[in-house]
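The structure's right below; bear with me while I get my questions together.
First chain written, first letter: the chains are A, B, C and D, and each begins at residue 1.
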C-alpha cells in the first residue's frame, strides 16, 4: 500500500473538462486509417509527425493527437482549465506535491498555447491549458455527418493500483465522484469522477498502473454505435471489437470498446446522465453484481480487465508499472474463485448466475 | 423602451440550473391525463390541489407542479442554487433591485425547503432554492420507460418586450449567452442563456410580456419525440401538436411543441450541445435566415409567435402584459412586409424563398 | 368521365414489384450532385447520356435511370415480372387493350434485357422486364453506409384524373388495394396498390394527369430520414424540402418529400406494414380526416397537391394532361370551401380544426 | 443418415407465411408475466388453459398460444395458406407422404377455423389453416406502443439432424432458400427458407432434433431491441438474456435471444432484407467465418448451440430426439478442434482469430 498523497496548501486549478489525449502510435498512416477512415474523426491539421483530430461538435483545436513514436503509449491526458491563471495554479499545485512539471508558453502540441505538463503522483502525464486555437465547430455540418459520427470527447479512463489513494488525490484536485464499485469488505475496484456535468471526465480502474485503460468519444444516439460495429464487420476488422456493444450498469451509458492498431482502447459511449447538482447522488455498485459492468449481464472479456496502454514520463519514456496488490475485479467475479449474481434474495445469497451457466 | 436594470452591488446567487416550473391549471384531472397519461411524467406526490411530477432521470422532488386555479398561468420559474447560503444571496440581490421578495423557510411547494420567490425586474415570478427532498432517480427503471419518455427538464422560455434589457439583467444574474437572433440593424429578437452546460436554462423571446412561452423536457433520442407525435395522433389530439417536429437552427436540437389542456406550451427537445467552456462560441443568427427556427425551413405557425401563458405575481394575480414596441420576428420574416431566405448570394440578396413559395 | 377500361381476355402478366423509374433530367451533372452526393444512391454505371443508380440492398442493375433530355419528364415506370414469359404476357395484354407497345430484346436501358414498353390506358409509359444484370448487393457494405442511406426502391405514385377507372385497370393487372381515401359521397381521391408485400408498388392520386407524383425510396429507420433533412439544411437547400418529415396516416410510414433539380418529387419512406395475406384488410380514410395524409395533422403544402412531373410517350414526347373533373382533395379539405377535422363527435360533426386554426 | 423424403405427386399447399406457434408452458401466470408484462404482446383472448397473444401489426387472432401443460414443448408450428382449398391440399400432401394428419373443421385453437395438423417427415407438428378470425390491427395504436414493441411474428427456427434432407423437403413444400452455412466439404450446418418476402419463415439448424430452436418477433427499429435488454436488466432477469444483441451475418438482421420461463427461446429481430424476386441471390456462408452468426464476431454462447425445446406429436407426447451424426457447428468453430477466422488471406489461411484470443 502506497502512502497517501498530501493535499496541497495552494488551491487546486479550476479544471473545466477533459480536453484531449496525446497518444504515441507506431505507424501513423495505419492509425490515420483507423481514426479518420474508420471512425471519421475530423483532421484539424497534420504533418509527418502528428495528426490532430477533433470530434464533430468540438471548437478547440483537437481532442486527440496521434504522434509517431517507437513505443505505443500515452503522452498526455490534457485538461482544459477555466482561465490562463489556472495554468499557473496547476503548476504551483503540482510543485507543492513534489511532482516534476514542465511549462511551455507555446504549448506541447500545435493549436495549444501556454500549458504545463506534470508527472502526477499516480505516475500519469497530465497537462493543463487554457489557451487554445478555436476552429470550426462542425455541429451543423450534416454534410460531413457519418452514420457512426463521434460528436464529443467524453472521458479518460486510467488504471492505477490503489484506487482509494487515486480517488483522494483527484478529489483534492476538484473532481467529484459519481459512481464506484466496491465489495462488502470495502475494497474499491473502480471510481468515476467528473468536472463537467457528465458521469466522468476520468475514471480510475484498479489494476497494474499507471496505464491508460481507454479514451472515450460520444455519439448522439445508440444506432451510431451499432453502425461502427457494422462498419468494422464490413471492413473485416471485427476482431478489433473487444467488448460490447452493451449498456453499462455504471453510468447507464450505451457503450462499445474497440482497439486501435496499437491496441490503444477506444470507447464509444452515449447517453449517461446529468451530474451538475452539488448533491448529485453517488452510486456504489457491488463488485459481484453482474449488471454493474454490463446491465444485460453479458460477459466482460478478460483482456478488458488485463490489457492497457503504457504512459510516458515527461522525457517520453514509459513509466514503470506497479502491480495492484488488492483483489482484482476479474478474479473476484469470474471463474473458480469468483462469483457474480443477477439478483440478491432476501437472505443475502446471490441468484441468477449468468456467467456460471455460460463458461 | 424601458430603463435598463441596474447591476446590484451584492453578488448574484450561484444558480445551478432551471429546476422546476409551477403552473396553474384549470382542471387538474384533465391536466393529469395530459402530463401523466399522454406524456408519461412520473408522479412524486399528488393531492386535490396539486400534482408533483418529475422526469425519469430527476432526483429532486419535482420538475413540474400542476396547481389547480381559476386562471391558467405560471406561478414560478424555479432555479436551484448551489448551497443554502445562495438563497440568502438571491434574496439580497433582488432586494437591492427593489423587487418584491417572499422568503419561506418551508418552501412554496411540497418537497422544497427554504426558498425565496421574487417578482423580478421583467415581471416574472422567479424562485431560488437549494434544499429539496431527494427521490428515487428512475434512470435505470427501464421497466417504467415509455416509448416517448421524458428524461430531464431542459429549459424555460420567457416572452419579454425588450430582449437586450432582459439579457443584460440575466447576464448580471450569471447566465451566459449561447445564441441569439438579430437583424442587420442590431435589433435582437431572441436570446438563449445558460447556467448548466447546455444551450439554455432559459431563453428570452421578444414579444408582449411578461409571459411564459414554453417549458421544455428532454428525451434521449429523436425517435422518442416522434413517438409522442404518433401517440397524440392515436389519441386524436393531433390538433394539440402546434409546431414540429423539426430540427432547430438555434441550439441544433430536435424539437416538438405541443399544447396542454390550458394552452400552456410544452417543448420536447433533444440533442443540443455542450456549452461548458468559458469561451464557448456564441452564435448570432440573422432573423431573415429561414433555417434559424427550423433548420429544414419548415414554416413557423403564427400562434407560436403570438401565443403564450400569463405569469402570476406573488399574490397569485396575473401580471399585466406590456407590448413589444420593437419589430416582431413574425412580421419581419413572414408575409407581405417580411422575408426569409434559404441562402445568401454574393451581392447580399437573399435566395431560396421557401416560405414565399408556400403561402 | 372517361370510359372504363376493358378487362383483357388474356392473363395479366405476373408482376413482382416496381423495379425502376427512368426520368429525364435537363442537367445531368446537377442531377448527379443531387442523387449521388446528397442522397447517396450508388452508381452502377454512367456515361454522358445517362446515370444508372441503385439503392443499397438492390441486386438488379438499377432502380433509377437519369437520362439527359430537353424536357424534365418520366420516360418509364418499370416493373419486374416473374419470368421471361411474363414479358410476352404483358405485350399480349396491352395489345389486346389496344395500347401502343414496343418490344426490345436487348432492353431500353443498360443492364436490362428483353422488355416491353407500353403507353398504358391511363397514358403512362409502363415497362415490363424479367431479364436483368445482377450486381453487387451492398446490404452489408456498411463501409459505404451513409447516415441517410436509401436501402430499397419502395413505390411509384401516379396522378390520374379518374381514380376509380385507374384502380379497376390496375386491379385487372393484378394489383391489390391496401388503402384509399374517399368521401361520404363515394368520390375516391387516391388509392394505394401493391404486388410485393408492402402497402404499395404504385398509388394513384387524383388530379390532372397522366403525371408522375413521386418515386419513393426506403430507409431502414426514421433517423435516416431526419439526417437527409439535416444534410439538406447544411447544404442550404432546405427550400427543396417540400413536405415533412411526418407520419403518414395512410400506410403508417414515416415520410419526407423533397424535390430534385428538375422538380421531380422524391419521397423518402420507412416502416409501412406487411400486406401479403390474401385477405389483408383494406383501409378507407375519410378525405376530411386531417390525420389521413399526416398522422400529426401537419398541413399539406398546396404544391404537393398541384405539382407533378410530365410523362413521355414512347416517342419521347410529353403526354397531354387531362384535367380531373371530380372534386379536388385540396379544395375539399383546405380553405373557405373545405374542412378537415381531427376527430368526429357522436352527432357526426367534426371537431378539432387544426388547419383552420393555423391558416 | 436418414432416407430422403419423397416428393409427393400432389401439389404442395400454397403457404403464405408462418402465422403462429403454440407452445406448452408449465406455469401460465409466470409465462403471462413474461410475454405480456415484459415483452408487451397483446392479449386477444385468455382463459385458465391458454392465452392467445398477437403482435402490434397483426390482424389475425394470434401469433402465439401459451397452453398450460405438464411438459414445456411446442405443440404446433402453424402456417397460413392462401385459401380454404389449400388446407385440403396440405392434408392430401402429407397423407401421400405417409404422415399422420388430423383435420379439425373448427380448428385446434380459438380464433382459427378449418385446419389440419400433421406430424411431418422431420417429426415436427405443422399446422396449415386459412380461416381465421380478424381482430383489431393495432398498427396505429401508438397509445399502446411500448418502447420495446413487437410488431410482427417473423419466423420459426427448427433443429433437425440432417439439414439437407430437411431442406429438400421444405423446398418441395414451396419454401425458397435465402441463405445457408456450409463448410468446404459440403456439410450444411443451417439453412434459411422463406415463403413471404423476408429472409425466412423458418430455418433449419443442424442438431439433435426434432426440436424448436426459437420463434422470432420483429421490432421496427434497433433501439426497440435495446430497450428489451434494458428492461430485463431493470427487472433483474438479465440472466434470461442468452445471446446478443448483435448483428447477424446471415440475414443481416439486428437480433437478440432471450429465454422464457420454460427456457423456450425467443428471438427479437429487425431489418433483414427483401427476398421476393424469383432469382433472389442465395448467400452461402463458410462455417468458419466468425462473422456468419454475429457480424461483429462476438461469441455465440454454447447453450445457443445445444439447447432447444421439445416438440409434441399429435397426441401431445414429446417426440423422440435423434442425434445429429454430422459435424456440429460449435465443434468445428470453437475450442481445441475448431477454428473461426475474421478474414481470409490470399493463400486461404484464416486470419484474425477473435474467438481464440478471448477464450
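By our rule, contacts are C-beta pairs under 8 Å (C-beta built on N, C-alpha and C of every residue); 3 or more make two chains touch, one makes a residue touch a chain.
This structure is a prediction, so every number in the text was calculated from the model and none was measured.
Contact with subunit A and subunit B alike is made by C, D. Where subunit B touches subunit C, over half of the residue numbers in use are shared by the two copies, so each contributes mostly the same positions.
Taking the mean Cα position of each chain as its centre, D sits at the greatest distance from subunit B.
Between the CA-based centres of subunit B and subunit C the separation comes to 42 Å, rounded to the whole angstrom. Chain geometry summary: the mean Cα position of subunit C and that of subunit D are 35 Å apart.
If each chain is reduced to the centroid of its CA atoms, subunit A and subunit C end up 50 Å from each other. Multi-chain contact residues of subunit D (touching two or more other chains) are listed as 140, 221-223, 230, 233, 249, 295. Contacts from subunit D toward subunit B in the complex involve residues 140-147, 149, 221, 223, 227, 230-231, 233-235. For subunit D in complex with subunit C, the touching residues are 16-17, 57, 59-60, 80, 82-83, 134, 137, 139-140, 152, 196-197, 220-222, 249, 252, 271, 273-274, 276-281, 295. Listed in rising order, the residues of subunit B touching subunit C in the complex are 221-223, 226, 229-230, 232-233, 236-239, 241, 245, 247, 249, 254, 290-291, 295-298, 301-303, 342-343, 352-354, 357-358.
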